[in-house]
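Down below are the structures I want you to see.
Two complexes, one shared chain (chain A), two partners (chain B, chain C).
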Partner chain A sequence: MIAVGALLHAKQLSRSPFEIATALIIPVVQATLAVYLFRAGGEPGRLLEAAVGAGLMGVWSSVLFGSGGAIQNQRWQGTLEMIMLAPRPPALVVLPITLATAITGTYAMVATLAWGRLLYGIPLTFADPVAFAVAVPGCIVGLGMFGLLLASTFVLMRNANALTNTLEYPIWLVSGMLVPITVLPGWTGPVAAVLPTTWGARAVREAATGSGPVWPSLGICLAISLACLVLGALMMTHVERRARAAATLALA
Partner chain B sequence: MTDLFRLVGTGGVIAYRALFNWTTPAMFVGTLLVGPLFQLLFFAYLGRQLGVADDRFYIVGNAVLAATLACVFGGTMAVSNERRFGTLGHVLLSPRSRTAVFLGRVLPYAGNGLLIAVTTLTAASFLLGLRVPVSALPALLLTLAVAALSCGFFGLALGAVGLRFRDVWLVSNVSVALLLLLTGVNVPAAELPAGMRVAGQLLPITHGAEAARRLVAGEGFGSATGPLAAEVAVGLAYAVLAAALLKIFEAESRRRASLDTL
Partner chain C sequence: MSEYAIEAAGLRRTYRSRTGWLRPQRREVEAVRGVDLTVGNGELFGLLGPNGAGKTTTIKLLNTLLIPTAGTARICGFDVVRQTREVRRRIGYVFGGDRGLYDRLSARDNLRYFAELYGVPGREQKRRIAELLELVRLAGRENERVEGYSRGMRQRLHIARGLLHRPRVLFLDEPSIGVDPVAARELRQTVADLAATGTTVLLTTHYMAEADELCGRIAVIAGGRIQALGTPAELRHHADGRRVLEVEAYGVTDERLAAIHALPRVREASLEVIGAAQVLAVQSDAGVDVQADVLRELDGVRLGRVTARQPTLEDAYVAIVNRVDERRSPEAVPA
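For the complex of A and B:
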């Protein structure tokens, strides 16, 4: 059910020219910015890292805006009542949506890598290609599970959109997607340590550059994501019951 | 003349309240004040790590750029939300000057942009320890205002495109991303290829950021007048472009009876 649902929602998201163009063009612009910044900083050897980092930023943007608005989008489409009527736990119905946002986020990764290779001649020589091929989907699944927690949290908040718009750069920054965590103030360390984005980005970067062991980072990413999934599922059940009792499913 | 000012001023404020209606205080603070500050911090730390430029380069540049979010999307909303709310036809039926109606709408967004730029600059200076010479503050405020207005007219030109094309939000989103890259706010212009540098010269913010950097560096107003004049020229060019596009696309949509159908 999760696989079919994720595929269905990924197909639906992929039918939107706006979503696709945004997922492809904006990360490419950011990758270009990163490439020129790394070149200007005398770090031409780290261009693959820049392209991968920009791709991960695109994945996070997709999860943040897609999952953050998952419930609201269903409400606007008039399909929220129907999916909530399904005889399955609400988390199982919403998880495919958040996974789909992470899957469509991979367009960003593909776009930045292809752009870097074709335009700037960045060699796509991954230190550990097998680990990279596992780390990227692992990171995607992890972020999709994290997305469920976002979706269930944001549905409780009247001003969730404000939080969505605010969270893009802080997570890019604290998770070390482009800026190494070591240059940030010390107090950001504990915040970074509990975010699955930090460990997912680290695993993908380690697989691409060989800067460390991939599997522990990926394992921690998935473990934190699993905890987010459990929390998100509990919260989603609570929200659904409350909305049914108060008859506010389509109004909240 | 009083009527014209009323149309531009009061009309602009009423349209702002009607079309920028998605903002609540939390949304305004989160999206327009906190978001740009984190954007600034992101590039400041990236710049520190790569050693591309000092903090002043990133703080001042990104503070000027912070106005773009309100100005570009606001300018776009000033036109495209009329269609979304079904009121575009009513506006275009008005016997008053369309140019005055729409150009007046940019003013509140430019005011927003100025507020955001000043807030971002103040907060970032406090957080990252940038000292701005007190004597430079009036000219700096003028520079930020000019950049915000210039950016608002740029947004209005994009909004005019919304009279002809459906996916104007895509254009706005991509434009904001391109401003990050091409204006020399985050990558020093000298590091960009010639084509990108030329494109940057034709965009708002580029010259405003340059003028603001010179002022914060204590070089005095005299050294900033060149870039400031260039920013004024760019802003005026986009105002003329927006007025022309609005006129052309309005005529075209009347001719094709496609005002509300695109």
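For the complex of A and C:
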């Protein structure tokens, strides 16, 4: 049921003209950004790393906006009531949607790499192609679960959209998608350590550049994501009840 | 299995909303103020009432989308608040309008998704979906995206979706909105067939003829309370001893309608727009003829056919609803 749900939601998402436009433009911007940042830093050797990081930023944006908007979108479409009527735990109903946003985000990763190759000639030689091929989907599934926690938190907040916007860049930075964590101020360390994005990004980067063992990072990413999933599921059940009491399932 | 499909006791629902951001103001709307209702298995039950009467709210209280402020409700013996999942397994919900579907997916994908969600076993899905597409006459167009569908097609898809998991109790909230007459007749046939095979149906509609034809019993709800309940024949008694004058007119204003209503021997007056014309229905006691008075009030308005007839269910409905308005208006005018 989760698979069918995620697939169909991905289909619905990927057919939105807005999404298509964003998906075409953003990766180009991100690839360019990555390339110039690192050229300026005088480290042309790390271009691939930069491109991978930029791709991850794309995945994160997709999950963040997708999950943040998931509930709101369903409400606008009038489908929120219909899916909540399903005789299933609410978390199971929402998870496919957040997974779908992560899946469409994968495309951002692929596109960023493709543009990087095409426009700037970044060599796509991965240190460990197999690990990379596993780490990326692993990271995406992890982010999808993290998205569920976000989605459930967002239902409780009226101004979810504002929060979404403010969360985009800090997470890019803190998780080390853009620049290595080591150059960030010390206090961000603990924050980074509990974010699944950090570990996911690290795993993907390690697989791409061979800078470390991939599996521990990926494992930690999935473990944290799983915790998010459990927390998100509990939260969703609570939130659903609150929504039924407060009559916020419908647009009205 | 429980004796009743739907039981509601003392059902109430208050909406609280906050408006304004700098100076928040609380607003409370008592949408449902104590509804008691029992609907037997396989019964086709109608809920009629003016806009804002609380019909949709009542349905959402019964189908678990809203938690009642007070009172209890059971579906097939399961409590709607405590046994939500058991209730949801047994109910279908169809509402009028063109929202509530995934526009960029095909009808088939929409149904596939909801079949999965509503727990239709994988083996059965294909057959069930084909069967329903046939039933709502969308077969042949099931692979087109819903965004290209007409309003009536969407409405029919809604209905198919509501039936996917063969619900024991079906809630239909204005299912015939935007459906053409032929499709509406087929819809009525479908609903009647469902009821005949044991499905309990709770239907709201603004079409009296639809309610009259379909429903075994009808509740008229206004101001959040049930004002009258009975078979269509029983409800018609509310207009007993009345006689109805019907005038086809073009351009009757609210002031003129009020003036007619205020005429000494007129009991009710209502106005309905049919195509380009208005139809003015004036009720009086059976023994009196108000035609001359009414026509005098309509002086200067272009008129069509003028007929006198026996009261219908609609006239009874108007009598019931207006009685409520009259009772409520004194409190609505503060000193």
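Everything below uses one rule, namely that the second predicted complex is superposed on the first by the 246 of 252 C-alpha atoms of A that agree within 3 Å, B and C clash if a C-alpha of one lies under 4 Å from a C-alpha of the other, contacts with A are read in each partner's own complex, and residues count from 1 in each chain.
The working rule: contacts are C-beta pairs under 8 Å (C-beta built on N, C-alpha and C of every residue); 3 or more make two chains touch, one makes a residue touch a chain.
Source: prediction; values computed, not measured.
After superposition onto chain A, the partners chain B and chain C occupy separate space and fit alongside each other. For the three-chain arrangement built by superposition, the Cα-centre angle with chain A at its corner and chain B and chain C at its ends equals 90°, in steps of 10. Within the superposed three-chain model, A:His238 lies out of touch with both chain B and chain C [touch as defined at top]. By the touch criterion defined above, A:Tyr36 lies against chain B but remains apart from chain C after alignment on the C-alpha atoms of chain A. In the superposed pair of complexes, A:Ile25 makes contact with chain B only, with no contact to chain C. After overlaying the two complexes on the shared chain, residue contacts for A:Ala86 are found with chain C alone; chain B is out of touch. Of the two partners chain B and chain C, more chain A residues are in touch with B. When both complexes are overlaid on chain A, the residue A:Thr166 reaches chain B alone and has no touch with chain C.
Superposition on chain A places chain B within reach of chain C only down to 8 Å, the least C-alpha distance between them. When the two complexes are laid over each other on chain A, chain A has no residue in contact with both chain B and chain C. Against chain A, the residues of chain B that register as touching in their complex are 22, 24, 26-31, 34-35, 38-39, 41-42, 45-52, 167, 169-170, 173-174, 177-178, 180-181, 186-188, 191-192. Across the complex, chain A meets chain C through its residues 1, 4-5, 8, 11-12, 15-16, 77-79, 81-88, 93, 241, 244-247, 249-250. Within the complex, the chain A residues that touch chain B are 17-18, 21-22, 25-26, 29-30, 32-33, 36-43, 158-159, 161-163, 165-166, 168-170, 172-173, 178-180, 183-184. Considering their complex, residues 15-16, 60, 63-67, 85-86, 88-89, 91, 93, 97, 99-105, 109, 112-114, 116-119, 145, 161 of chain C touch chain A.
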